[in-house]
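Just passing along the structure, written as structure tokens.
Chain lettering (A, B and C) follows the sequence in which the chains are written, and residue indices restart at 1 in each chain.
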Amino acid sequence: MEAISTRRELLFFALRNKKMRVGISIFTFFVVLAIVGPHLTGYDPLDYVGPGYHPPCREFWLGTTTFGQDVFTQLVYGLRASFFVGLLGGGIATIIGLIVGFFAGYRGGMIDEILMMMTNVMLVIPTLALLIIIAAYLPYRGILIESVIIGLTAWPWTARAVRAQTLSLKTREFVDLARISGMNSIRIIAEEIAPNMMSYIFMVFILQFGGAILSAVGLDFIGLGPTRGISIGIMMQQAVLWNAIQLGMWWWAIPPGLAITLIVGSLYFMNTGLDEVFNPKLREM
Amino acid sequence: MKVSLRVENLRIYYRTLRGYVKAVDGVSFEMGDEEVLGVAGESGCGKSTLGNSLILLKPPMTYMEGRVFLDGEEVPIWDNEKMRRFRYRRISIIPQYAMNALNPTKKLKVLMDDLLREHGSDFKSHTAEILRRLKMVNLPESVLNMYPIELSGGMKQRMVMVISTLMNPSLLIADEITSALDVSTQKAVIEMLLEFKSRGFVRKIFFITHDISVLYQIASSILVMYAGKLVEKASTDEILEKPFHPYTEMLISSLPKIGIKYGERKLKGIPGQPPPLLKPPEGCRFKDRCPYRHSKCDEEPPIVEISDDHVVSCWKYA
Amino acid sequence: MMVLENVTKIYRIGTFGGKRLKAVDDVSFEIDEGEIVSLIGESGSGKTTIGKMILRLIRPTSGRILFNGKDIGQFKKNELKDYYRKVQGVFQDPFSSYNPLYKVDRIFDIAREEFFPDIGRNEWKNRIEEKLRSVGLNPLEVLGKFPHQLSGGQLQRLLIARALVMNVRFLVADEIISMLDASTRIDVLNLLAELKDSGLSILFITHDLSLGYYISDKTVILYRGSIMEYGDTEKIFNSPAHPYTISLMESIPRIDERWRMRSAVIQGKEKSIRNGRMCKFYHRCFKGDESCVEPPLIEVEKDHFVRCSKIGT
């Protein structure tokens, strides 16, 4: 009963927190758009469906590109791609970061030294450069591959942060009690340490989610995105490539950038909001 | 006895989603000039809340009612702004975790300067006095140019004592300052505190602890709290020799003493636990653990004056 | 039963692990069957480290700890499990001893899963309830609750009950009552004493001398990692011989006698000799002088050892 009421209390504070409300609203709007959007339009994102250079109208809600592709259709499909990258890339980065961080922090000694050395090496290699090299070598690139690459390169800071958290949790006496109860390391990490970091892990995932989306946009923008299909980054690349701004095609240039800014912004809002929810000291009474 | 702190019917509650937690619920007492008043009670009885409310009401602490007078002047504890005039200058505190209370990123000198400026003065005009006091507590002058982490636990404790009494406050609240210390350090800290008092750096001390044997060493009178209420207050010798309230009596008899071994004489604790302060029981709050309980105890017990300066709140004596 | 042989623990500290801190320095003592030994020392004296080494949560840098004649440092998987089946610990902070996310019952569930998988759930449950009653808890009041719903005293008793359910032979009790209120403190102490009567050995770690006196048979006084005085509790308390023990005895807050307060605030004269081989207590000692070099542990009377160069002078 108490646990439920604590959870309820958290929910209460979460919904009362302004930053959380703003963040959740914006984020939900885009998620709904990504889910429902493709059903609202009858077009395919890459099809040439209408006249080029067409500003927004009843037929083409966000106008068309130079070649007559529907911008709204591209945007909603692009959003789907972005959320996919966020979920998969962010997810992979979070999971690797957690595993490395937990083991380095909990086991200590040599294991810690080796894992942290790997982490630090990954940390100093400029991620974007690495991404460019890997992406350039792949003849065929799909959104799946892109997500995996992003996930495999984004984990180091998560590993370091999780390690630090684990180190501090490790000194708590219930971990000692678990050890003298004969529990093995994996069980202690999974059952005693990780659950106590749930709020933190959740926040890490949100940040990784946003980070993965941004990385994907960056890759796509410099032309190393998926070789087929559409994404927000590709839309931005195309818009720049065909001088959308100079030609006054604001309907092509602005929506993808605005959407990404709002999504990533809402994630950061949620993140700081959650900080206040989970940390009673930051709560406004 | 010249009264210099008077607290009347003070009620300080904690606001929570489930209602008010009645941490201090109608407490009245007086404190003489140059007195060390000890406040004892189990954890969660409201003794720290009582001490803290006299200097700063931090949310969710909420002022409900009651008045406080210090040296004949009313202390507006409900008004955070007006309290600035009293805080630190006339009422100061050594908090429970004093050792961690120092900002780690500032040198002690800067830290003290900031604090003094906050209260309309600065480090320069107090330098001589600060150096004199540091010497008294056996700290070298060089600590002023150190960061708090460079000091050992004992040094930090002494530093906090110097800082919090620098403006010669009338009232010093010492909140569980010796509870985490081992016996020899504990004794040294208390000796230092009494020395500060005898030199007039502080006039009176409100000493909060759960350890009655420490109070016996330092306090001139003892106030025992239970579940947000005052249950007994008397001079130290009197309360230890003949405690009137069953709670005080049981609390004192549960203390281990040198010379008592388990095999020879078995001491007894107090069965049960304090009631929840969110919904405290009607009447006497100790009744569920009291061996003398009778039907009258379901009504609020009166505060009885047993003798001059000895009050007890129990139906046994009404 | 439990024997510590020249146990030393050195920590590397400082930014590059350059400094070395001897937390425990060549400590030897033993705890017999059905005996309570108090390990008394101030914070930083190494008493908690000794407790953790016995529980094998920390490995000694040198020296051995023998349980029934076997070196616990050599134990492999199954032997270690067997060791933990007999040797358990209760820690200082009852609230931090429980994972806040789980109900308190979990400590019993884990014990069954890890140590007694053959015992059926019902039998285990009966055993828990029986032991809970024996530590003065009402099973209905505590089982199925979350840690924050119970008091420190209840949580600490639950941990003791856990050791009882496991039927352990040796218990490390590390400051288990320092966070408890006076009213419940004594009950937990009484409980330990009763357990001892039933044959359990206990290492009682504390900084409170009066508590140590109340229940222990033997006392070890530890100062900065070294044993300063060791022996029969009565003898140590009635005729303390080491200046450190004497100063500790004088500093105990008592309710039958007031402290003799020193008038000057300045305490402890700083002595300037910096010799690594000097007695560790030298800089605080009222008797100390240049001759206090590496004092040995001397038997001053039967079952009473003191490490002081000034003994007999």
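Keep in mind that, in the parts below, a contact is a pair of C-beta atoms (placed from the backbone, for glycine too) under 8 Å apart; a residue touches a chain by one contact, two chains touch by 3 or more.
Note that the structure is predicted; figures quoted are calculated from it, not measured.
**Student:** With centres defined as the mean of C-alpha atoms, identify the chain lying farthest from subunit C.
**Tutor:** Relative to subunit C, the chain whose C-alpha centre sits farthest away is A.
**Student:** B-C versus A-C: which interface comes out with more C-beta contact pairs?
**Tutor:** Taking the two pairs in turn, the one with more contacts turns out to be B-C.
**Student:** What is the distance in Å between the mean C-alpha positions of subunit A and subunit B?
**Tutor:** Distance between chain centres, rounded to whole Å: 51 Å.
**Student:** Give, as an integer number of Å, the spacing between the C-alpha centres of subunit C and subunit B.
**Tutor:** 30
**Student:** What whole-number Å value describes the gap between the mean CA coordinates of subunit A and subunit C?
**Tutor:** Inter-chain centre distance comes to 49 Å.
**Student:** Quick one: in the complex, what on subunit B touches subunit C?
**Tutor:** For subunit B paired with subunit C, touching residues are 42-43, 136-138, 153, 182-188, 190-192, 194-195, 210-214, 216-217, 240, 250-252, 254-263, 266-271, 273.
**Student:** For a test of understanding, state which residues of subunit C touch subunit A in their complex under the given definition.
**Tutor:** These residues of subunit C touch subunit A: 52, 55-57, 80-81, 84, 88-89, 91-93, 96-101, 107, 110-111, 114-115, 146, 148-149, 159.
**Student:** Any idea which subunit A residues touch subunit C in the complex?
**Tutor:** These residues of subunit A touch subunit C: 2-3, 172-174, 176-183, 191-192, 195-196.
**Student:** In the complex, go through subunit C and note every residue touching subunit B.
**Tutor:** Residues of subunit C touching subunit B: 41-43, 151-154, 181-187, 189-190, 193, 207-211, 213-215, 237, 247-256, 258-259, 261-268.
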